[in-house]
Amino acid sequence: MGKAPGTITYLGQREGAKSVVNILDYNETTFEHHKPGNLDQIVAHREPPLVSWIDVVGLSDETFIEKVGKRFGLNPLVMEDTVNTQQRPKIDEYEHYIFGVFKMLYLDEDNQLVTEHVALVLMKNCVLVFQELEDDVFNGVRERIRTKSGRIRSRGADYLFFALIDAIVDHYFVVLEHLNEQIELLEDEVYENPTKQEANKIQELKKQVLKVRRWVSPVKELVSRLIETEHPLITKDTKLFLRDVQDHSTEINETIQIYREMTMSLMEMYMSNMSNKMNEVMKVLTIMASIFIPLTFIAGIYGMNFKYMPELEWHYGYYMVWAVMVALFVGMLIFFKKKGWL
Amino acid sequence: MGKAPGTITYLGQREGAKSVVNILDYNETTFEHHKPGNLDQIVAHREPPLVSWIDVVGLSDETFIEKVGKRFGLNPLVMEDTVNTQQRPKIDEYEHYIFGVFKMLYLDEDNQLVTEHVALVLMKNCVLVFQELEDDVFNGVRERIRTKSGRIRSRGADYLFFALIDAIVDHYFVVLEHLNEQIELLEDEVYENPTKQEANKIQELKKQVLKVRRWVSPVKELVSRLIETEHPLITKDTKLFLRDVQDHSTEINETIQIYREMTMSLMEMYMSNMSNKMNEVMKVLTIMASIFIPLTFIAGIYGMNFKYMPELEWHYGYYMVWAVMVALFVGMLIFFKKKGWL
Amino acid sequence: MGKAPGTITYLGQREGAKSVVNILDYNETTFEHHKPGNLDQIVAHREPPLVSWIDVVGLSDETFIEKVGKRFGLNPLVMEDTVNTQQRPKIDEYEHYIFGVFKMLYLDEDNQLVTEHVALVLMKNCVLVFQELEDDVFNGVRERIRTKSGRIRSRGADYLFFALIDAIVDHYFVVLEHLNEQIELLEDEVYENPTKQEANKIQELKKQVLKVRRWVSPVKELVSRLIETEHPLITKDTKLFLRDVQDHSTEINETIQIYREMTMSLMEMYMSNMSNKMNEVMKVLTIMASIFIPLTFIAGIYGMNFKYMPELEWHYGYYMVWAVMVALFVGMLIFFKKKGWL
Amino acid sequence: MGKAPGTITYLGQREGAKSVVNILDYNETTFEHHKPGNLDQIVAHREPPLVSWIDVVGLSDETFIEKVGKRFGLNPLVMEDTVNTQQRPKIDEYEHYIFGVFKMLYLDEDNQLVTEHVALVLMKNCVLVFQELEDDVFNGVRERIRTKSGRIRSRGADYLFFALIDAIVDHYFVVLEHLNEQIELLEDEVYENPTKQEANKIQELKKQVLKVRRWVSPVKELVSRLIETEHPLITKDTKLFLRDVQDHSTEINETIQIYREMTMSLMEMYMSNMSNKMNEVMKVLTIMASIFIPLTFIAGIYGMNFKYMPELEWHYGYYMVWAVMVALFVGMLIFFKKKGWL
Amino acid sequence: MGKAPGTITYLGQREGAKSVVNILDYNETTFEHHKPGNLDQIVAHREPPLVSWIDVVGLSDETFIEKVGKRFGLNPLVMEDTVNTQQRPKIDEYEHYIFGVFKMLYLDEDNQLVTEHVALVLMKNCVLVFQELEDDVFNGVRERIRTKSGRIRSRGADYLFFALIDAIVDHYFVVLEHLNEQIELLEDEVYENPTKQEANKIQELKKQVLKVRRWVSPVKELVSRLIETEHPLITKDTKLFLRDVQDHSTEINETIQIYREMTMSLMEMYMSNMSNKMNEVMKVLTIMASIFIPLTFIAGIYGMNFKYMPELEWHYGYYMVWAVMVALFVGMLIFFKKKGWL
């Protein structure tokens, strides 16, 4: 608030850790893994002969991040967005580089949804990655580079850029699958025994779907922009692959839309089951009260103490009253049976 | 997850079956049916003199599918989508071919909705079809080729390509008809006797409509793209026919939209009928209780054991109490009659 | 299903009737009415000197329709749509003619909504009309031609084409008026006495509005296309009139939209009135039970048979109990009065 | 229905009045007010040296209106829309004039919403106005011309045209303010004491908002069209002012949208308050019944006439029963207190 | 109402205060703060050598504002919008200046939402600001100019223009955060104990979200227009920064959309909890009534005074009745336990 634009301030919750840098250099034949000790060793990989993937993990050391940005000639606005973990997904094209912000979504060991901010900078022969945690979303890409599987080793930095975005989007499917499971679980619970807790869970789920949608839905349009760009850093060949990512993003957006409708249906289901339960409760009350209140009335009649009540003197009066009561009881049962309440 | 893009992995549930290939070659005068024994015999039909329909049934044999793709010069991304049964409908244009993914929807013998993934490749003089099951959606087309009915035998591969899409879209109408019947059935059930099961069926139906919409709704736009394309493989003449398919797709989308609104109305109907039932139950309870509770009170009065209760000594006390009670009873009935509760 | 595209199959429910043909030829000075006996006499009116309105009534005789189409040089797809009564409204431009499908909506003698499929072909100096029933939607146009009222006699075939569409669209207003009346009727019913039947009627009305919207809403866009077309058969002068039809279509679509919202409000109204009724029922029950249950309890106390109950011996005990009861009764009434339940 | 397009038929409900014509002629220095006695005197003001505002009040005299139209060279379609009070707002450009239909909305003395149809024709140096009633929406403009306030006297007919539209749109704000007051009034009523009448009023309000939206919402787009037109009658200078009207229209549309959502919220509020009231009723019933039914049962026990009931003989039996009853009563109160129902 | 367009009328509620003017002049090396005593001293800063920020606080002195506008050569329409506090956000480009209206939203000391109207005029080397209150939204910008922090001192008037808009938009986030807190608070309240007050608060919140959306949502499009403009006053460099503001506006709009859905969910949650409470109340009533009404009936039976009731004579009759009652009681408990109502 009130800070000058371009001020580099970390807004996330993973404070205090020193940034760790890993560099993978590769081409068709070579593969090197560097752990640079100082800034100069990092900057040496700017405009390298091999394709260079510079991975900066840990964003809370703002001074270090700022220095990296300056040495690579990046705009201060870019560096601001890099450490601003609240930044929504974006793609910005600059003359010498393309800057992208994305959200990694994945499940931790306790199956809790984790959101991680990641910034990618595609430069000539080099991709600069800023991320918060040393996690496994990009592990598949690292593995493919190391083992030379697929075509990644024989292609340029823009293919690496694509491969990273592809890995991020691929993980969205896992999260969607998880949401789907939760929806189906809740569906069963709501059908079996809807309580206040279920209503609460439905609302929680709704909010989670909204949250996922917020981070995930802009991706489709960003990738479209990458496909349509005329920036020289993105080759026509890579655009073919980006079309695939675009496809996936479309599907993800559609799926989230369906999940939203399903959570709404869940709430409807819940309300209708509540109504059902109420109906059942009311029926029990009505049947019990409707049968026994008239019978009690009859008993009350003959509990009166009038001096002259001829029936009381009848020898079979008591049994006749019983007969009337049983008849009433059976009549009521038939009535309720006919109404379908039994 | 984490696999390189272009990796060919079958994701469906029809595992283990060997792929079976059928080839129909035809022109205005000739018609041949081949069952090729090996790959070379298949590839012989690439760029054939006659129009060739190569139908590959069974997608779980990834190595075979990959080989076919390579021999026909198809992009690995194409082959990935071919066996990815989760792939949403798409049309991708390449220099020498047009690739399309669609979903066949039809009802099996038990009237259950079946979704089948199908991939179509239009090449020069040849249409390559990859499908999961040897089913009857394309039977009509086969029959027309065999019996030379319609104009299919006198036209090129792009007309065949259209005819196959047309057959897929035509089957959507059957599925819609089936959904319509289910909606009308449920409407009657909900009107007659809404129970928890009906609410559940409505939600199931809603989900089915969502599912059908997901597979069916992209088709309209894909066909539009085929109509607007300048790809040389699609002739102007065939575009006229595609306009017809586009028309049908529009109608299908509108119909699904109407079904969605109808399922929503169903739920509303259900809720309003639940309310009605509750009202009826409450009325019975209220009438019974309102009539007999005051009467029981009167009986209670004269059941008291006070020494000095003059009424008890009256000779016609008992009959007077009865008179009062009957008057009250009748008064209550009139009151409820007036309220319209009887 | 499975038929070749372009197959001419009648799908309506007005089977068996032979097609009847009426031809009106006219210009500023001449007016002739022909009832051609055979196909050749009909075809004679193709590219006529006068403006010719050829009206074919009855679509179930597919062979006859097909022959007419062939003789007038129409595309088989056009003829398929002509007899396909399920076809949604459309405008297709061909080199020598413009083909349109519309739905006539009108009320029969029993005030039931009737949908009739109509196909129009505008050719040079001639409009070919295919319709199912010999009805009165076009009667106004016929009358104006016969009596030379308005400007129709002094204009070309495209003006006739416009006049027919205008007549169809004009009738939509009658149907909308009818729907409006039904909505207002239901509004009163729902306000006065909402029962299960009313809920059902609301849902029926909703479905009717959806159905009307389906047939009527595409017209606006079709007319827009006619206005923007550069097809030589539509003169600039006639486009001015079509702008008027477009205006009406816009209004119709807006009105239907409003009706949809009104039917939704009706359902809401119904639900809120159900709630009200329930509240009223519950209040009666609560008042009766709350007043008499405590009084009965007091009576019960003094109905106990304990040997030592001093009150029973008091001379005015009975009257004191009555006093307490009356006090309680009045207190309860005041309590409920204060709550606003009486 | 069935009339030829261009037939001039008055559709409003202000029948029978003779049309009254007022003419204001003005420029920077001159101001004249004419009350022409016959048609020729009116037509004399066509293409006048001064700016001329010809105001025709009363539309039911169709012959007179038609004559005016003819003498000013207006298209019959224009004249049809002029007297068609059902016509939705529109702007049509013709070669020599621009024709606009708008709806004046204002409140009469009883605060009832009045809709008045008005047609404006902008011609060279002259604005022709057709309106139903001699009302005060344009009074402000008249006043400004007479008193030479603002810049209206120094500008042309297109500025007058703008000023009239501006006056119409300005009055929409008054109507919106009125709707706002009604919504807030109903909000209080629904909060205080929701009855069936309130539900009805909400639905009435909803319909009124729909109605206002219908007449008001097209204005924005019409004004946009005036701004973008290249018609020579509208000067660039006036477009600057029209931009202001466009601004107001945007705001009006947004406000109506907000009102729609507020009326929906009102209904929700109503339903939730109904639920609350029901809950309160149920609680009273449950508390009364739950306390006194068990007590009555105990009294009933000792009202039994068994020969051998030891308690009845106990000297303090009666008092012990009272003790038990009081304990039960207090226990129940505590239970309900804990549940928060008291 | 009825006033000529361009009439300068203050519509806000901060009447009577004299306008106070502050002027900041600065460039890279110089910084001056002026408090001009009269109009001439203000106008001296028009087209100044340094960048000049002229801040006019207090809009109710219409004559003064009008004079300022005239001296700076601003269009009367601009001045009208400047003092019209009802004016929605807008950007209007004129030949020599760009005019913008925005709404500042912030929280006062009592955490109440305050809306303040602000008008910005970007001229050559000078930004003219008209605002209602001397508040702190722009304090950060003032501070940065004074302390020469960030790049503001080294840039032109368009950067200042951007910085002011940026400060306004930045404050929207504070308001959103506040709304978020309120939503979460209400969520807890609704979950714990939903009463009529909670329903009311939800509706209030809904209206507040609507209000914020109304003022905030147009900003995105306005900033986009600034980015796309070719007006010479906005440099390409500043557009880069405006892109950032656009980003923030997009996020704000998305967040408000999410808040709207969350308030709707709140209402749903409320209704479902009301249903739950009702269910609980009904269960207590049903259980109490169903257990004790039959027992009371049995007691009533043996309270009858028939002469011949054999059971009454039995020695253990009383105890047998007790046994039957206890059995019934336990049976009922088991029944309700099984139903899950206990």
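Every chain is named by a letter (A, B, C, D and E) in the order it is written, and numbering of its residues begins at 1.
In this section, a residue touches a chain if its C-beta (ideal position, glycine included) is under 8 Å from a C-beta of that chain, and two chains touch if they have at least 3 such contacts.
None of the values given here were measured: they were computed from a predicted structure.
*Asks:* Shared touching chains for chain C and chain D?
*Replies:* none
*Asks:* Using the touch definition from the top, what's the fewest steps needed to get from chain B to chain D?
*Replies:* Steps on the shortest route: 2.
*Asks:* What chains touch chain C and also chain E?
*Replies:* Chains that touch both chain C and chain E, as defined above, are D.
*Asks:* To bring chain A onto chain D by a C-alpha fit, how many degrees must it turn, rounded to the nearest 5?
*Replies:* Going from chain A to chain D via C-alpha fit gives 145 degrees.
*Asks:* Could the interface between the copies chain D and chain E be described as same, meaning over half of its residue numbers are common to both, or is it different?
*Replies:* different
*Asks:* Just how far, in Å, is the C-alpha centre of chain E from the one of chain A?
*Replies:* Distance between chain centres, rounded to whole Å: 26 Å.
*Asks:* Calculate how many whole Å lie between the centre of chain B and the centre of chain E, each centre taken as the average of the chain's C-alpha atoms.
*Replies:* 42
*Asks:* Could you check chain E for residues that touch two or more other chains and list them?
*Replies:* Counting only residues that touch two or more other chains, chain E contributes 271, 275, 278, 282, 285, 289, 293, 296, 300, 303-305, 309.
*Asks:* What order results when the ring of chains is traversed from chain C, passing next through chain D?
*Replies:* C, D, E, A, B
*Asks:* Applying the document's contact rule, which stretches of chain B touch chain C when the two form their complex?
*Replies:* Of all residues in chain B, those touching chain C are 139-141, 143-144, 149-152, 163, 166-167, 170-171, 173-174, 187, 191, 240-241, 243-244, 247, 250-251, 254, 258, 261-262, 265, 268-269, 271-273, 275-276, 278-279, 282-283, 285-286, 289-290, 293-294, 296-297, 300-301, 303-309, 340-341.
*Asks:* Within their complex, state which residues of chain C touch chain B.
*Replies:* Residues 1-7, 75, 77, 87-88, 90, 92, 193, 195-196, 199-200, 203, 206-207, 210, 214, 267, 270-271, 274-275, 277-278, 281-282, 284-285, 288-289, 292-293, 295-296, 299-300, 302-305, 309, 311-318, 321.
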